[in-house]
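For reference, the structure is listed below as structure tokens.
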Amino acid sequence: MTRAAPSSPRTRSSRTGSTGHTLPWPVWVPAVVGFGLIAVPVAGLVLRADWPNFLTLITSDAALDALRLSLQTGLTSTALCLLFGTPLALVLARSDLPGLPVWRSIVLLPLVLPPVVGGLTLLFLLGRTGPVGQLLDAWFGVTVPFSTVAVVIAQTFVAMPFLVVSLEGALRTAGDRYEAVAATLGASPMTALRRVTIPVVLPGLVSGAVLAFARALGEFGATVAFAGSLQGTTRTLPLLIYLDSQDDLDSAVALSLLLVVVAVVVIVATRTRDASGVR
Amino acid sequence: MSAAGAGPGSREGHREPRRAVDGALRADTADTADTADTADTADNPGLAARVTTRRGGFTLDVAVEVAHGEVVAVLGPNGSGKSTLLGTLAGLFDPESATVTLADRVLTDTDAGITVPVHRRRVGLLSQQALLFPHLTAHENVAFGPRCAGQGRRAAGAVADRWLAEMGVAELADRRPSELSGGQAQRVAIARALAVEPDLLLLDEPFAALDVDAAPAVRAVLRRVVRDSVVGGQTVLLVTHDVLDAVVLADRLVVLADGEVVEQGPTAEVLARPRSGFAARIAGLDLVTGTACAGGLHTLDGTLVSGAASEPLDHGDPAVAVFAPRSVAVHRERPAGSPRNVVPVRLAAMEPQGEVVRLRAGASGRGPAWGEGLAADVTPAAVAELGVEPGDELWFAVKATEVAVHPSGR
Amino acid sequence: MTRVPRLVLAALAAAVALGVAACGGSGGEQQAPPRTLTVSAAASLTDVYGQLKTQFEQAEPGTEVRLNFGGSDTLAQQIVQGAPADVLATASTRTMQTAQQAGRIQGQPVTYATNQLQVAVRPGNPKQVTGLPSLVGPQVTESVCAPAVPCGAATEAAERAAGVTLDPVSEEQDVRSVLQRVTTGNVDAGLVYVTDVRSADGQVQGIDFPQATAQGAAQSYLIGAVAGSQDAGLADSWIRFVTGPQGDAALTQAGFRLR
């Protein structure tokens, strides 16, 4: 009876694609400066690199160990961020917990805290003489610092807020209207969460996870303070880069480029999937 | 479209036992009924609700009953407590004191501490925004409810197919919500709400966000599915400020103001003789009830009111002719010539309304009964020129092109 | 919303006020502009140089010594890249050579002190550490410097001389981190310099071991004037001061050995 309305959605989306034309020109100047601030140093890295020996530098034992460890711990801590951060974001965005702003600012602390401080805090808590570390040592003979587990904990500590902020924003933007509709259709809270809430905020969840992974991948301060630095166990790429910067700058530059490439690959891969997928 | 036999009288006959959707749903119903005191409500398989709660400046204290298969419209100005009532019925809002029983189940009883969670109430909700799940296709959206009720993928899919076809959007099944127009999305949303066969469907300004062009068609198709035999009589509570929604969809009208019911009764009656200020204001339109016929509508006393049907209507369907008071011309003598609807009236009241003066017609021995209650808005200059005063015999005239004929609730 | 800008404003106001105060103060006290000397020094010299700065400024009225502490590698790199400094004081021969080869050092640098490794343990030496061999094995956990940094190279040299291979739980970026691992009780022992043990004020106990004097195990402290200094005379005065009697006293007290 009623045919499609004249304003077909396809026309609409093609219009959104061309909004660049309506940007006022003063936006471009600071945008270019801002871009340069990020891109030029990276380009400098490319120029500074010792290309003839590049492959040798990034395939040294130490480098491969660090890359493997970085990917391993980065992915593990991203998984932990998802496991703990997703419910955390849900509580912050949806619950009526008293003192919510206080809880939220505590969760966001790692964003403002210098990572080294975060690492020291973890060390004081979980170190061999710390209140929790002492018990772990006495009861189970477990020492957390200087282990790969410590790297994962440090990375999760600094990366979690990125996931929580991103996801909480997505949850608040989406609102709880979809959940309410789902409930009136007979969906239990768990079903609504699984089949409505999570899929609706999936783009936010994905970009939050990417941010968390990127942050974990680049994490240095908390790791070095809490986990120490030992090849194959706790010396991730950033730690190796910093160490090499003390005596082997060529290696440090080559490894930095390797880190850049890994980060770009991850970000581009998820962005592309994001764009063509759920939306 | 609408079967000849599907008039108000035959609706009762069409009522069949709800199709057994699945075991899970019925078991669910039985579970809840165990804890509820069903004795009081056994004679009312529809909705009975009483809500009392303090809200800002006033206390909402409302009792509403909707019989099984009945469509009741709740009208009221903003802040009159409509959303609180709706939220309470849906279980989305906890009032201070409320009892809600639906289909022999106690859904809310604050004294007894009973609040059946939203997802077990079997109360559907359709609001201004379609709120289709953006990650699912139209078909998956409609199948969502049946899936939640435990139906298999295939069975739920079949239910979705049926409802999308019923709403005239079968060809949009594979589209995502972002690829649907507002009217299309709202049709899918209606299909989705009805696919779970709720005991009560709540409609919250369901057409308010639609284009003026899209609203009538969606309204008509909603009317068909909830009023005619498709679901065998859907119990509906409609909240609206658009009098047309009430005229087209509702059997009965409940008018809320400042948290209480100020008026209720059959739609046409309340609108024809509004007693509350709000009802008078929303009535704002002139309504003449009757049955559809070629070229317009036959009133009960056999007069023809010429007008254009808003949608295809079968001869004899209950219908209402609607026109705006400002399109009514007022004459001392019967106007001659032009194809007009003309009715003799006796002027009952004159109400200044901003730029215009509203002339309210009372019963006139000379003309048909339906003239009573009609309003005409004229300029103060015209009033002065005519020199009218209450008690005068006048003629109200309105062009056929100004008259829209809608299907009506009763 | 409004709180942040207000905070920023407050911070700006404070900064402006401080700036004004600072300008007013220096302008009022001294008519002639002070002679300033910028010294880039290895982080392990923080305490000694801080002390010497006060003495030097008293001995040479009208001078102001600015101290810039950091890792020797970093400092050498900065000076190679043209960082403005008058004196470079490193904790290794190699880093001084880096600056020298880049033509940034005036004349011949002087080796004026050495620093030796000690095993730092908790006070009372609960694990009864005696020397490098006693550190091997899981019953004693230790932390050392990474081989890439000078203290790590020294550690490796000592290990070679002792014929043992340590099994550290962590190889730190710098010697202070090693010390921190011991003071916080997260490891039983750490290889640090005598000066670090001294600076820990009794939180750790230093254990001497024979290989600390082996070839490459001791750390050399070099000082040289940076080429193109604004005030070469003042730079020389500082170098003479550090290598003179007052410098010797401060260095010895901190645990350095004189050359």
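By written order: A, B and C. Residues from 1 in each chain.
Note that in this section a contact is a pair of C-beta atoms (placed from the backbone, for glycine too) under 8 Å apart; a residue touches a chain by one contact, two chains touch by 3 or more.
This structure is a prediction, so every number in the text was calculated from the model and none was measured.
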Most extensive contact between chains (C-beta pair count): A-B
Farthest-lying chain, centroid of Cα atoms versus that of subunit B: C
Chain closest to the assembly centre - both centres taken as Cα means: A
Intercentroid distance (Cα basis), subunit C paired with subunit B, Å: 84
Whole-Å gap between the CA centroids of subunit A and subunit B: 51
Intercentroid distance (Cα basis), subunit C paired with subunit A, Å: 36
Residue numbers on subunit B that touch subunit A, as the complex places them: 25, 90-92, 117-125, 129, 131, 133-136, 144-145, 148-149, 168, 178-184, 187, 192-193, 196, 198, 211, 213-214, 217-218, 221
Of all residues in subunit C, those that touch subunit A in their complex: 71, 73-74, 77, 141, 143, 146, 148-149, 168-173, 177, 181, 184-187
Interface residues, subunit A side, partner subunit B - complex: 1-2, 4-5, 7-10, 13, 177-178, 180-189, 191-192, 195-196, 199-200, 202, 278-279
Contacting residues of subunit A [partner subunit C, same complex]: 123-124, 127-129, 143, 145-146, 224, 227-231, 234-235, 239, 242-249
